[in-house]
Amino acid sequence: MSGSATVGPLDADVWVEGLSRSFNGVAAVRDVSFAVGAGEIHALCGHNGAGKSTVVKLLSGQLAPDAGRIVLRGEAVDFRSRQAAQRSGVALVDQELSVIPALTVLENMLLGDIHVPFVNRRRWAAADCRRILDDMGLGHISPDQPLSALSIGERQLVEIAKALSQKARLVILDEPTATLSDVETEHVFSAIRRVAGLGCSVIFVSHRLSEVLALCDTVTVLRDGRSVATTPARDLTVDELIVQMLGAAPRRLTATRAWDPAHAPALRIEHLHVPGRLSDFTLTASAGRVYALAGQLGSGASDVLRALAGLHPKATGVVELHGRPLPFRDPVRVARAGLAFVSNDRKSEGLFLGTSVARNLVATRLPRLARAGVVQSRLERRTALALAEQSGLPEGRLDDDVLALSGGNQQKVFVGRCLGGGDVWALLLDEPTRGVDVGGRAEIHRLLREAADHGLVVIFASTELDELLELGDVIVTMRDGRVVNRYEGAVDEALLMRDMTHGVDAP
Amino acid sequence: MTSGRLSQPDRLLPAVSLVIVVAGFLCSPLVSGRPLESFDVYNALQGFAQLGLLALAIGLTMIAGEFDLSVVGTYALGGILAVEAGQSSPFLGVLVAVAAGAAIGAMQGGLIARLRIPSLPVTLATYIALLGLTYTMSGGLSTTYRNSDVTLWVDQTVADVFSPRSLLTLAAFLGAAVVLGFTKLGRELRAVGGDRRASRVAGVSVDRRLIGIFTVSGTLAALGGALLSYSYASANPDPGLQPLILAAVAALLGGVSLTGGRGAPLGLLAGTLSVALLAQIVAITALPDFSTQLLYACLLAVIVAIESPGLHQAVDRLRAGRAMTTRRWGSGVRTSGAAASAGQHPRRAAHPKEKEDDHDRGDDHRS
Amino acid sequence: MPRATQRPPLGPGSDTAEPEQLADPSGGWRPTVSGVALVVALLALIAVAVTTQRFLTLDNARAILASTAFVGITAIGATLVMIVGSAVSMAVSQTATVVAMMFLATQQLGLWTAVLIAVAAGVAITAAQGAIIGFWNSNPIVLTIAAGFAIGGIATWFSGGTPVYPQTQAFDLLNATPLGLSLAVYVLLGTAVLAQWVLSRTTAGRQMYLIGENRAAARAAGLPVGRVTTLAWAFFGACIALTGIFLASFNTSATVTLGGTLTLDAIAAVLVGGTAITGGRGSALRTLGGALLISTISDVLLLRGFPTGAQILTKGLLVLAVVVIVHVRTTRSWR
Amino acid sequence: GGNTAGPPAPSGGSTSLEGKTLALVGYGSANPWGAYFNKVFGEQLASTGIKINDMTTMDPGTQIQKFNQAVAQKPDLIVLAILDTQAMAVPIQKAKAAGVPVLVFDGPTDPSVANEVMSVLSDNEKLGEFAAQNIIEGLQAQGRTSGKIIVLTGTKSMLVTQDRMKGFAKVLATAPQYQVVEERDANWDPKLSGEIAQQLLAKYGRDGVQAAYGMADYMALPIIQAAKQAGIPVGGKDGLIVTGSNCFKAGIDSIKAGELYGTATEDPGTIAKQTADYVVRYLTGKNPPQSEIVQEERVTAATVDRFAEQCSHA
């Protein structure tokens, strides 16, 4: 376990050598090696399923490697549990939000930290917590607030703050910023730089490549479970990074085409209001166009979609679909009217993970596949096949559980479920490509574009500028629960950014 | 922690139920026509002692997000073992009972934690098996405890209202309150109950906590059975489901939820006292027996109403619908003005409850 | 032993239980460690059973089926409720009791009217709970404990505790034994087949699996969560009512305690059938298998002269073993 | 204390017991036997002006809490039906120490406190004897020289059950050609009785059992039903002889239909009347004997008409 003469790169604080791990005979990580120096911020990049999170789990004691070793400060370690890793000074922000809503902010900060004594010392801890929250830009949050009272972004910040405050030797952050706005991300970056400055090694995983290059010193790229390159970040551009990840240059989307004015207004939203979250949202959307709601977390963009989907019982306003009022406080009636919603969380509010791909694809349209309440198996099969083909899913995997698919393919199942058939008139998508790699993202964008071409109204919300610009025919920027601006055509990243971060009442 | 937390169900429920029941207790002379005496309190506390350890056992597992149905089985086994092994030395009897309870608890905790099996089926199966075991050991007959000194001792009056049995039960609650309140165990237990995966990731030894809490649960249940059999001078091989259900009611009134992550020993204490006092009120006022059932049903109905997220959403939906019809015109202007005048980020200005609603996907409390 | 060579028409419980035990919820059979364990356990049971005197007799097969019927019918209904994600009901025996009382109290209106009233009552009481759980997302265990108290209390209140006696013996028709098997056995088989068909072929049945697997996803997707949950509970209510009707006919009178230990017996049968308490997977035919398996084991132990205690103990250990085998495959924990 | 020394209001000849209180710690109304007892007992005492506090329950733990409560309230008399014999011993001693008189009905107390209470007891040993007589008589009438018997008992931990079995065994010993092959605890539970009967009848086969004893009619009738469903004839020239040992209306009907061979009284109405009578005698200072036994009767087809009314209330 320890002691044996271990030689690594001279200044390496963390040294990973020949790490491998398979699941049921399928290799997720093979022979991965890299080194992280003290105070270095080291990025792990790669497309979905490349093995990043598996490496993270191996390093943080959540999984044991099949082969290879991990050396921390010259000592080989063999973590049998998260606690063992924590005792060796490894702090973690998991890919999945891992704070406990049932506890207070302070309790969450203390949870699992090995430096926290067995017997509570509350006052001392509260003061510390206050300082850490302030550093993270969470001055408005009290340590005694239950975490359940915080937004998802704030919860994520608490988790990051917690990991960065644990006096660890190695902090690992797996997609920490996926749910954060740019302002919040800035707070996180400065905090990361601060701990790195104190000599702590940092491993950072993200799909936001420009942010990777801005923050990190070194980038290791994984492809199909192997480490293919380790390069200083200053020597890389985003495009070069993408080439490393994919092994080839990415396909660029063709420019959006002109709008065919033959398409009449289909979805009219007036004065949509959700107490405390969204005020007076008005939009008339036409079939055949893609509407992008641009806004950071908490801007209300996602609330527009949730309200339309019937998931905000307190929502008020007038919504009409094809001139008929939409009973938008009831998800069942919304779905029946032909609005399909893709939430931003495919795991807990999206797919039926333990169910086959085929059954997921037809989950929402069983009544239409049935005669007198009896599902017609052949029709069901045909529909599933058609949807799989339409959404670019491999036919061979139709009977696998969704759980066994990679994240990107899971997301395709989620989006694919809403396509085809004459029964859906509008697609509402919240972060349609969250956590999806470059290739998967292009596929999903193609699906949405095709859906619009087939005459559907497509409305999506996103926090990513690239995505907004690539996909949106009309971009509505939002901040603080209100619309800031509406763009058709001429707009650039800077404009969007300004609207999303400063809003109308900017100085 | 702060006064604001009184509005949380884990404090509100036990506080309200205790206040209501104590008020009922104090008013009972109006019906019985007889002033309250210290004996009434003593007797209520005896009822508390009968239920308490079982309620604490089941309540603690519920905080950790589990439901230990086997406690009634362990309770029966504890009683029989205490009687069989404790005829000459009551301490030996308790020791044997407690050791068996701990072993059974640890076994179940091990299965549930290591194999990640839901607790309800495991503990149901164990309950059935334990019933068979007590039946085999006793031949289906109540076993008699002949050490009448012990029987008299455990129920003797202490300071007018207590007995050694009720004091011991009280001590168990206070002990649990101290341990969970002043060490990291309380936090970790609620974390394990709140989100098991996240707790693991955060570095909580989830398996160890689960095995621990089931061991504690088995121990408490066996101890409860042992004390009860000393008090009754007999041990019943099959106490039925009634004790379990009453213990669960006590725990629910005590502010724990079946979803886990919520509750504290002092809340459990209040919940258990509420149930015991309710039984005492029915005894004092000589209400027919079935009225106890109806009263429990009413109390549980309140809990159901409080803990039905869908009900609250339905109410919101109704209100929003009504607001729409009354303020057809100009609503957008007024409401947007209201939000703007807050001059704050709406997400931050919003009442916590509203955010909870939003992120409450409504599935997290399947049982 | 002339009878021993004679194969019973439906076969002993273990034979019918076996294939269902192996069926994968999605239809295909995949060899897994747990599956192999199950096969081994079943083979062992069959070996023990066939070497037990009098086990392979027509009378014994009939007894196994008959003793499965009451619990079995309720368990079939409980399967739907577990699949749709509502876990269990703690108010089963109280409901069965009340239905039995109503059934006997209305005999003078004619058998079928009485049956109709009883089933309607069972459906109404149980579907109401299902609606609260489905539409309001209430906790089923808390709710059904409350319902159990309420139903039991009200039943005692109204009946004053005295037994309910029928005014005519019309119900005796339900004690008939066509082809030597009691009517309840046919109803059990019919209910199982119907439930299986509902689950695997109808829109509502298929939605039950989806809702049970991920309620939040089902809600966001606009599936009729409330309606389908209510439907599952309504079916459950009809099953409880049938059990209550047969119990009443069998006992010819009904008291407040008629339901006995039906609640837990039914849950045990569903669990032994391998339905996951977390919802989303399971099958009615496997519940039938589970119920038959429990009766068969009790029967074998009884024939071998084991006392009541040993029978109960074995039942508990059996449930535990199956629960472990079935749930070891999933890492989802009970929330 | 409740003993207010108000002048007894003399009213129309009958002794007024106005102002006296009595705590009825009896069987809860969830038990049909208890329900009818409580009803008759209340009716009998209604005219006397005694105030009855309903402290009935079927849960042994609750019973102790209620009993202790009753003691504390110092009524003029506690009327008690014991659920857990052992567990009630100490509370009875406490009542004695507190000077509160206790009258036990139906089943006896633990022998250690038998002298501390008054009692009106059903004669459980007799009930068991009657059941055995029924079976012997029935089998002999069929001309059988041997016979196997199965027994489904009430909750075995109750003294009531044990006493009935004592009497049953005693009489059966006089006819050694008839033997009990199986005795099982069916917990006063009709559903369980039916299940066990089905299994036992299968175990011993069509010709393996000649007689059955279900300790109450509601336990004997499921045996009959199980036999019929298994195709085993009941009663008559060579059918199964089934007996109960405490009568209910359904049992009487079944005897009349020629299925149940016999049963015995122990009907709640009779005990209730005798207990009420005892209460009045005691409270009016007539010093009744410390213990009274209720006269139990055997019921068969020959005598069924005599007991039909008495047995038809529960």
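Going by the order they are written in, the chains are A, B, C and D; count residues from 1 in each one.
By definition in this document, contacts are C-beta pairs under 8 Å (C-beta built on N, C-alpha and C of every residue); 3 or more make two chains touch, one makes a residue touch a chain.
Note that the structure is a prediction, hence the values are computed from the model and not measured.
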Practice task
With contacts defined as at the top, give the pair, B-C or B-D, that has more of them.
Solution key: B-C
Handout entry: Most centrally placed chain - per-chain CA mean versus overall CA mean
Key = B
Handout entry: Inter-chain centre distance, subunit A versus subunit D - centres from mean C-alpha coordinates, in Å
Key = 71
Problem - Centroid spacing, where centroids are CA-atom means, of subunit B and subunit C in whole angstrom - result: 29
Practice task
Give, as an integer number of Å, the spacing between the C-alpha centres of subunit D and subunit B.
Solution key: 37
Handout entry: For subunit C paired with subunit D, centre-to-centre distance based on mean C-alpha positions, whole Å
Key = 34
Fill in the blank from the handout: Residues of subunit B that touch at least two other chains are 139-140, 260, 288-290, 314, 361, 363
Problem - Shared-contact residues (touching 2 or more other chains) in subunit D - result: 28-30, 185
Practice task
Among the residues of subunit C, pick out those that touch two or more other chains and give their numbers.
Solution key: 152, 156, 214, 216-217, 219-220, 226, 308, 330, 332
Practice task
Throw together a list of every chain pair that touches.
Solution key: A-B, A-C, B-C, B-D, C-D
Practice task
Spell out the part of subunit C that touches subunit A in their complex, as residue ranges.
Solution key: 26, 28, 201-204, 206-207, 209-210, 213-214, 216-227, 280-281, 330, 332
Practice task
Quick one: which bits of subunit A touch subunit C in the complex? Just the residue numbers, please.
Solution key: 309-311, 331-336, 339, 341, 343, 348-356, 359, 363-364, 366-367, 370, 373-375, 399, 417
Problem - Of all residues in subunit C, those that touch subunit B in their complex - result: 85-88, 90, 132, 135-143, 145-150, 152-154, 156-157, 214-217, 219-220, 226, 263-264, 267-268, 271, 276-279, 307-320, 323-324, 327-328, 330-335
Practice task
Would you tell me which residues of subunit B are touching subunit A in their complex?
Solution key: 1-2, 5, 8, 181-184, 187-188, 190-191, 193-195, 197-205, 260-262, 313-314, 316-317, 319-321, 323-324, 331-333, 335-336, 338-340, 345-359, 361, 363
Practice task
Under the touch definition given earlier, write down the residues of subunit C that touch subunit D in their complex.
Solution key: 54, 57, 59-60, 62-64, 66-67, 70, 152, 156, 159-163, 165, 175, 177, 180, 182, 247, 250-253, 255-262, 298-299, 302-303, 308
